[in-house]
């Protein structure tokens, strides 16, 4: 009996290494097939929303959709089974995402009939949550994330100042242009200001009066120049992050830090640097 | 009698610390409630401009508007009362903003009847001046402000050169396209050039002739590339500001901070700096 | 007789110092009044193109226009008179600009009658050449200009590569979308590609087919990301230019260069730096 | 007989130096005339697509087109003839481009009659492949290319994260706006999201509902701020590439170049560097 449990736990361990790990050939194969399945299933959801594809290939899509749902259900059950702490996995971010990505298809069985109503449409699209499963494979973005974290406070102050400017400009434009030119309310006017200050410029609402066009021109020039601020902040932080990665070795002779990555000798005093990074 | 004045002045002092200061729990609570009130009251003004909200909830909005006005009036009077120099506060930037943020509601009482005319509409919107009261809490933006100050001269020269280019391009486009394609006057042509050179691109005025489209393409490429200039200026300045802040060593002799990262000696007095970072 | 010539040449010298120089109070006053005249006269030309202003104030504008023309004519003659080498001045860039800025008004006298024809319209607008006279006061932009010069080779290669991409994308879009969706010829398709790749996005020509929209999305993402290249080049150059300006002093003890601008002591060896920059 | 072969091979060698090399006056002349021919022939293809030019000058264009085709055919044959390894040249990138740039004109002879059908139109436009022949002269872009290579991994992670955001935002907008406002399918919704997030903003599809406009505003602000990330990455890399190139000292011991600006000792072998820059 004990042996059976042992062999079972050994099997569990092996499976866990394949499913959660990436250091075995089988684990890598599992990951890659999963990525392909996720991308294909998300594309399927997208194509299904195109009217003429839905009409022509609707039935094939339903079949494929069920295949992917079964694959992801199996994956979810396997993860639950071989996880060391199943409950903790189920409550983790990835656990919830994994569940949410299979639920919609089953729920669509429970609430049939009401075809293409809002509820079903949203339910079906919940399947794009599968795309979040790809986050698992994005661990290399640490440098960028760290640079963003460190600049987040400055960027927040920047956006706070910009939102003050947006509020004031929106109110002015609402008074100047008024409802006749599409500025029917201040929330709509705020929408216009953001469209303009970010240099998107849809053109669905445009100023009609001379004064309005002058204020619009000022808004554009403002948006055109203040983009330099977040860019400058992030560039400075990324430069430092890249610079830091370069080398943390300290010369034992003159105490200089900040050597080039593959330097063998200190460029200030000429003494040999230690090999470890 | 003296004791009464003393206890009164003690009360004043306590109140002043709550209202103007941020270092007591009561002071922090006062600040946060004020921020919430400001944001809510500004959103109220915005929502009131939406036609169907104004029709349905117009009366509730008026009641809430009076609540906020009374709160801000009380705040203004309290600030006047407990300020050390009331007149100086009243004439300061924040004093004027505080007054302007309550005045419109009272003025709307004085000039009633003429509902939704231009004057009243502007008066009502003056209440968004309350948003400027938030500036009080934006003191952390010093680094960005300093970088902008130091680059302001270069950025000014940049905008001056750009405006020369805009003037010349606008005149050329006015001659090439003419009033038939929407370039009805040079001021309108300037508006188009700014829309194009900032890469906003509404599309309300677009070149119709082949030559006009060629000049427009040139304008776009110009705008697309010269944005690099203010970005470059600001990035360089921000990098330096951040870099300066990084080395936190203080010279033990002349107390200077802000040395270069790998400086060994203070560059102001020449005494040795301590090695630890 | 000799005395007369002497006093005349002395007068000429004095006048030259006022008109060409900026180091005397009279010279500065002359410059500032000239700048004001140039800006006012250019604004006059602009306002004259607005139809309803032309109708209402047309006669006042003509009078003012003649005033400015006489002022600039006098300025041109004075510059010719007191210049050390009048012919060289007349052939210089500023000499030609000064002449071109008065000529149009006189030429409009020679070719009257044909009101509002193309020729006259262009002639009148030649007066905006006056704006180039402001270039005289833009001498501080040297740092920016130097940074642009040094990066010009790299920026040229960048734009050359971009134009190759634009040509290929334009041809593909012409084939995919065809004349029915507004891509009536490759030059028009090039116009669309530039509008898209610079993120201007007028919307006067937009892709209609699915494939066209996919290629358009690719073009946008390309334009959105390659703007980083000229920005990066210029930022690097400006950083260096600003860094260079910092200090050219070399420590006489340890030969280190690159001290901070107001450093008194070398931060590497602690020896005093010489005061001169 | 041997002499004849010798003189022939000498002639081949000379020709190869002119055609493939750029170090002789004749070689430079050959290159420049080729560039002029390529640009002219590409412009010819472009102008031919303009309807009224095709009607008026169609016959002249055909004649010129044949002239260029003969020139490029001769060039191709000459390159084949004097190349050291003709087969390898024919299979190289430039060999294929050279062939593709002459083929379409001959193919148009084989498939006549069906004028202006899709096939012929595409065939004719294949001639723009000639533009790729210019790549041969773009060898100076190495610094930029190296900076892009080194940042490609980070930029890829950035674009991967952005595409996750785009997919989620597109699905939300599809549910919120629906087919009535132009968001007829998720692929179309993705097109809209890319148009918005890159700040292009055509305006062919714009949100109609209040919630949709709020999400759109968020998308714009996101796109407006995340452009800082690739810019920051590339700026940091280009700065380093330019910085490396600046210090031109060569270590007399190990011949390494590319030391840091204020390095005193070679960081590869530890021997002293000469002081002069």
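Think of it as A, B, C and D in the order they're written, each chain with its own count starting at 1.
The rule is short, and it goes like this: contacts are C-beta pairs under 8 Å (C-beta built on N, C-alpha and C of every residue); 3 or more make two chains touch, one makes a residue touch a chain.
Small disclaimer: the values here were computed from a predicted structure and weren't measured.
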| item | value |
| --- | --- |
| Same or different residue numbers at the chain C/chain D copy interface, by half rule | different |
| Chain whose mean Cα position lies farthest from chain A | C |
| Chain B-chain D separation of Cα centroids, rounded to whole Å | 43 |
| Centre distance in Å when chain C and chain D are each reduced to the mean of their C-alpha atoms | 30 |
| Separation of chain A from chain D, taking each centre as the mean of its C-alpha atoms, in whole Å | 30 |
| Overlap residues in chain B, where contacts from two or more other chains coincide | 187, 190, 199-203, 223, 227, 231, 233, 235, 237, 239 |
| Chain D - residues contacting chain A, complex | 153-154, 157-158, 160-161, 164, 167-168, 171, 174-175, 184-187, 190, 196, 199-203, 206, 210, 213-214, 216-217, 220-221, 223-225, 227-229, 231-233, 235-237, 239-240, 259-260, 263-272 |
| Sites on chain C touched by chain B in the complex | 42, 45-47, 49-51, 118, 121-122, 125, 128, 131-132, 134-135, 138, 140-141, 143-144, 147-148, 155, 159, 187-188, 190-191, 194-195, 197-204, 223, 227, 230-231, 233-235, 237-239, 242, 259-260, 263-272 |
| Chain C to chain A touching residues, read off their complex | 199-203, 231, 235 |
